[in-house]
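In the two complexes below, chain A is the common chain; its partner is chain B in one and chain C in the other.
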Partner chain A sequence: MKRYLLRRILLIIPMLFGISLLTFGVLHLSPGKPTDVVTDLNTKMTLEAKQKLMTLYGLDKPWHIQYFNWFWRMLKLDFGNSFKDDRAVLSKIGERLPATLLLNFLSLSLIFMLSLYIGAMAATKKNSFFDKFTTLFVYVGYAVPTFWIALLLMILLGLKCGLLPISGLRSLNYDELTGSEKALDILKHLILPVSVMALTGLAALTRYCRSSLLEVLHQDYIRTARAKGLPENKVLWKHAFRNALIPIITILGLMLPELIGGSFIFETIFAYPGMGRLGYEAILSRDYPLLMGIGTVAAFLTLLGNLIADLLYAFADPRIRYR
Partner chain B sequence: MCAGCKPDSHHSQKTSAEPAYDDSFIESSIGDASYLNPVLASDSASSSINGLVFNGLIKYGPQIQLTGDLAEKWEVSKDGLTLQFYLKKNVLWHDGQPFTAADVQYTFERLIDPEVKTPYSSNYEKVKKFEVLDPATIRITYSEPFVPALESWGMGILPKHIFQGARGKEFNQHPANKKPIGTGPYIFKEWKTDEKIILEANPRYFEGKPHIARYVFRIIPDDAVEFMELRNKSIDTMVLTPDQYQAYPEFFEGYKKYRFPRAAYTYIGFNLTHPLFKEKRIREALAYAINKKELVAGVLLGMGISATGPFLPLSWAFDPEVKDFEFNLNRAKKILKEEGWTDSNQDGILDKEGKKFEFTLMTNQGNKMRSLTAEIIQDQLKKVGIKINIRIIEWSTFIKNFIDRRDFEAIILGWTLSPDPDIYTIWHSSQIKEGQYNFVSYDNPRVDMLLEAGRKTFNQKEREKIYKEVHRLIHEDIPYIFLYYPEFLPVVQERFVGPAVVPLSSFGFGWNFDRWFVPKNLVRYPVMAQE
Partner chain C sequence: MLRLYIKRLLKNKSGVFGLGLIVFLLLMALAAPLLVPQDPLQQNLKERLQAPSLLHWLGTDDLGRDLLSRLIYGSRVSLLVGFIAVTLSTLLGSFVGLCAGYLGKWVDSACMRAVDILLCFPTFFLILMVIAFLEPNIANVMIIIGLTSWTGLARLVRAETLSIKERDFVLAARALGLSTKRILFFHILPSVSAPIIVSATLGVGNAILIESSLSFLGLGVQPPMPSWGNILTSGKDYIHFAWWLSLFPGLALLFTVLAFNLLGEGLRDVLDPRDQS
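What follows is the complex of A and B.
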């Protein structure tokens, strides 16, 4: 087990290298440069001034040299400064991460609880009204465009009923509130994004859970369990459910990067200061250092997520052993 | 001219209550600011904040005329080579330190510092000597007379003592770029990245303490959500799109709507070296065949005015005598016929010597108004027998591969206008090299001469004459067909007294924001009570 773990961790290093090289290559293949926003069709800048700006951003060097410089600094955990505002990439990410973690942790927990429950109920009462209704419901949630449902809920709950704030993470008078009022304020701002995110993300996990449980329920050992007279509750939650969890764990592992990645559409609609918007805006302005920083952190977490999922298999299924 | 400039709703603004030194003004923006440092920033979000925190030596007045800001007055020498600024005394930085000529010198040195990431260095290239004569007097010597240089001293002046002489990289990354200290009407209070920026009224502002106590700049990245926040009355102002402007009246309860030309125009540019467009008569025929009214109605839902030249209608450089080409299909057809273009094979497309009248009209991706314009023009020119193929290209490819290399037949693009009418870089025949802006290859010796003179003539009356002639000549030569000026459509919550539409508004509606106020009985977010 220890040797396995060590090997897996060491494997992350070449993978990270490959991923970052690819990311960097793709960035530089896409048309446009970071300085374009300022220089394109700017009649007040001479050609020399434009060239000067390119040199200051280090964009005059060939791309492999730029990559090497970046990689060398990255090894020392220096991700450089954002081109947009000259602030350290890591501190920009660090500023956004808590907000995204909060939102995604809440909505993913909600998704997990709801989908495990709905999935299990639907599997045990296959083809019942509940099964059909929830199937329709989760698919509708999956199919409606996020922004559309978000805007409708904003109109209903924010504009018409005045119950919830429309967008943002905090009210403007946040700093003048007391501790408990602050928590309530943030909670109020989170209700809409969390529920919309849960609604639109429910489908996959619910269906996985249902089909995986259905498969397990047809196994011989379940029949044995029932035959020896165990109560249905125990059969379902102790014998079947645990085995049905294995594929779910894979998804859980894959969701880890999602947890920090954030969603651009969500954060834009709810004016939520998270990672998704940071990344998207960095792409638009070709902010190479910031993009590489986000890319590397996301890649690292994906690899880590895979590793954790693999380890959890062994935990959930005693038949799996790593050597 | 100004028929459309008045507020749409005619609520009576007359209230007996006196102006309050209180309340907040909540504005919103799609993007966050970058540097709260006018030397480094070039995005509009940063400029909104920097404009309230910093002052330049001079600024534009309501009629787009330069007036003093930090400078009491200035003198231009007879040969136009030296500028002498006399600074206002008793101006204080937000931290209480006095403002002096040394601050101006420090700001200037950063603008020309080769290691500073400023996009404005070109404006100061012609400065030969910068001298501080005494703490309140500055003399700047130029290598040649250059009128637009005056405007460049509207650049926000930075506090030398805060930056402690930082230069180059140190300056680019200085913490003061996030916590600015200026001389302006508003003091920086707080910046929560991608959420909001808060400013507070400067009680020691040299033009008098502003009435509105707090300025809040909220980041709302989605236009539809911003509109909803407006409806919810949680923001006090917004710039509308033409379709939003025409939303149900209930959306604008409690708001006043404004409309006036924006400092920008959209045009079709022709590659004048292309055989099809070399002949002026052909371009003239196209100008008669394009119905600008239909364009304004279709693309801007009527929220715009048709354009006749490269200047803003409210600017002093604009010549109102210039008559636009009237929309006249028969005249267009007649000219084309005289030039030998006939539909000899009856396929609906004109031809001459076996060649069809067909060309590609390019524009950039992501601008719905431009692609819509292209489609309407395609349809309009079909009526005189001209076939247009539309090509929509991703922005940087469009600029790098087609515009910069002059590899196009006709394009739809737009220019944003600055308050100073100097348009040398766009129209002078020396500016046709790759990457320069006379990409249509316009060459008129008389215009060249006028543009050169316009850069050297400090006398306002003469300058006005020069640019009015430029306007007329460019209109007559038809290197572009000037299509329309889109309108600027801001709404402001009606408790605010002071918003006014003047020529300068085209460059920013908040030009006199430090003079706005809310009558005492209408204060909505009392700030003073809490303190």
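What follows is the complex of A and C.
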């Protein structure tokens, strides 16, 4: 187990190398320079000053040297400073990361718990009204543009009914609130982004959960469990569920990049103070060091998530042993 | 064989529904200039933000342009992006999967590592970045969606190829001394075509969704060219009093993507009866 873990953690390094090289390539193959944002609008900018600016940011060196400089510093956890306000990239990401982690963690938990429950109910009552309704939900959930649902919910629940706040993470009067009111305030702000973000994943996982359970429910050991007179609840949640869990964990692990990618859309729509919106702003202002940092952190989170998913297999299925 | 497949598909109700909807959309997109009640770009500030009426069935936008006409022209963008992006990703994914599966050794490891890297990268971030740095226009959107969505298919085709290359007919082809190219494209490719067709059909819906998200964020198809995504963006600013601008483009997207997904599922049942999940 320890050796397996060590090997998996070491494998993250070449993956990060590949991913950061990809990000770097995209940044540097694209036409134009990040300094253009500053220099093009400034008529007093001389050629000399432009050159100085390039040297200052290290953009005058060949790209492979720039990349290795960057990678070397990254290994020491130094992502450089943002072009925009010259603050350390790591601290800028650090400020925003907890909010994004919270959002992703809550969405993932919501997806996991709800889809298991709905999937199980649909599987045990196959072809019932509930099952058909679930199938409809799955199809619509797959096909619906989530940003559109976000928009509709913002109008309906936020503007028309005034039930939920539609942007940010805190109300304007947050500092005046007491402890429990503060928690409630944040919770209220989270409801819309979390549910919208969970929608597609929920549809996907519900479907897998249903079909996975349907398959398991036909197995002989389920018949045995029923034959020895176990209550149906116990058969479902103890015997069938654990065996149906394995493919579900795989799908959950595969969903991570999409979920993190989704942060870039939803945080922008909901003006949510997380890493996704920071990334969107960094893209618009061509903040290379910040983009490299965010790309790396996002990829690292995904790799970590996949590792956790792999370790969870052993939990779900004692037959799996890691060496 | 083909007749059998068509017969089976026609028995699949949701598949037929999807196919019908797609045919309808295609005809609408092709015949757009004949169908639209008004030029989708023609502004008429006197009639701005009109609610749906007999004159403007789906209402008008902030510049007085007829929403129905804009939606009909928007279907051209969605379908074009969907088809071209998927053609690109299908070609790329099948090719990489075939080569990795059949050639094995270092080709396999190299391809699969590349796939692993792309799979654990939040694709949408990559797409946003590339589009923002190049110029946001329809051609770039199609290319970048195509270039980033082939990885799943590559894995699928590789797995299928791995099992098929051990079959007798492939061994026979090799024993006859056929070239690798010929074996790959004339013997193995037809045998793995079922999952490719299914994945391509499902991919169209996905590509359409990505395009609309990009256009919604202002990094996709640029106005005045109407795309369902960028109509929603302009609708967002008038959300308080012009609900029709936010409702109809979303519904159009929903039904289009649904149609491709239903057809894809139907094709899966027809072409690959083993997997009935």
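As a convention for this text, the second predicted complex is superposed on the first by the 303 of 323 C-alpha atoms of A that agree within 3 Å, B and C clash if a C-alpha of one lies under 4 Å from a C-alpha of the other, contacts with A are read in each partner's own complex, and residues count from 1 in each chain.
The rule is simple: contacts are C-beta pairs under 8 Å (C-beta built on N, C-alpha and C of every residue); 3 or more make two chains touch, one makes a residue touch a chain.
Treat the numbers as computed from the prediction; the structure is a model and nothing was measured.
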item	value
Chain B versus chain C as contact partner of A:K52, first or second or both or neither	first
Contacts of A:Y4 with chain B and chain C, given as first, second, both or neither	neither
Chain B versus chain C as contact partner of A:A298, first or second or both or neither	second
Partner chain(s) touched by A:G168 [first = chain B, second = chain C, both, neither]	first
Which of chain B and chain C A:E176 touches, first, second, both or neither	first
Partner chain in contact with A:I19 - chain B first, chain C second, else both or neither	second
Which of chain B and chain C A:L159 touches, first, second, both or neither	both
Contacts of A:E95 with chain B and chain C, given as first, second, both or neither	first
Touching partner for A:P273 - first (chain B), second (chain C), both, neither	first
Shared chain A surface residues [contacts with chain B and with chain C]	31-32, 147, 151, 154-155, 159, 268
Residue ranges of chain C touching chain A (in the complex, touch as defined)	113-114, 116-126, 128-130, 132-134, 205, 209, 212-213, 216-217, 229, 232, 236, 239-240, 243, 246-247, 249-250, 253-255, 257-258, 261-262, 277
Chain B contact footprint on chain A (complex, rising order)	31-33, 36-50, 52-53, 56-57, 81, 84-87, 92, 95-96, 147, 151, 154-155, 158-159, 165-170, 172, 176, 267-271, 273, 277-278, 281
Complex contacts: residues of chain B adjacent to chain A	24, 26, 31, 34-35, 40, 42-43, 114-115, 117, 119-123, 125, 172-173, 177-178, 192-196, 216, 218-222, 224-225, 228-229, 231-232, 234, 394-397, 399-400, 413, 415, 418, 423, 425-426, 435-437, 530
Chain A - residues contacting chain C, complex	15, 18-19, 22-23, 26-27, 30-32, 139-140, 142-145, 147-149, 151-152, 154-155, 159, 211, 215, 254, 256-258, 260-265, 268, 279-280, 283-284, 286, 291, 294-295, 298-299, 302-303, 306
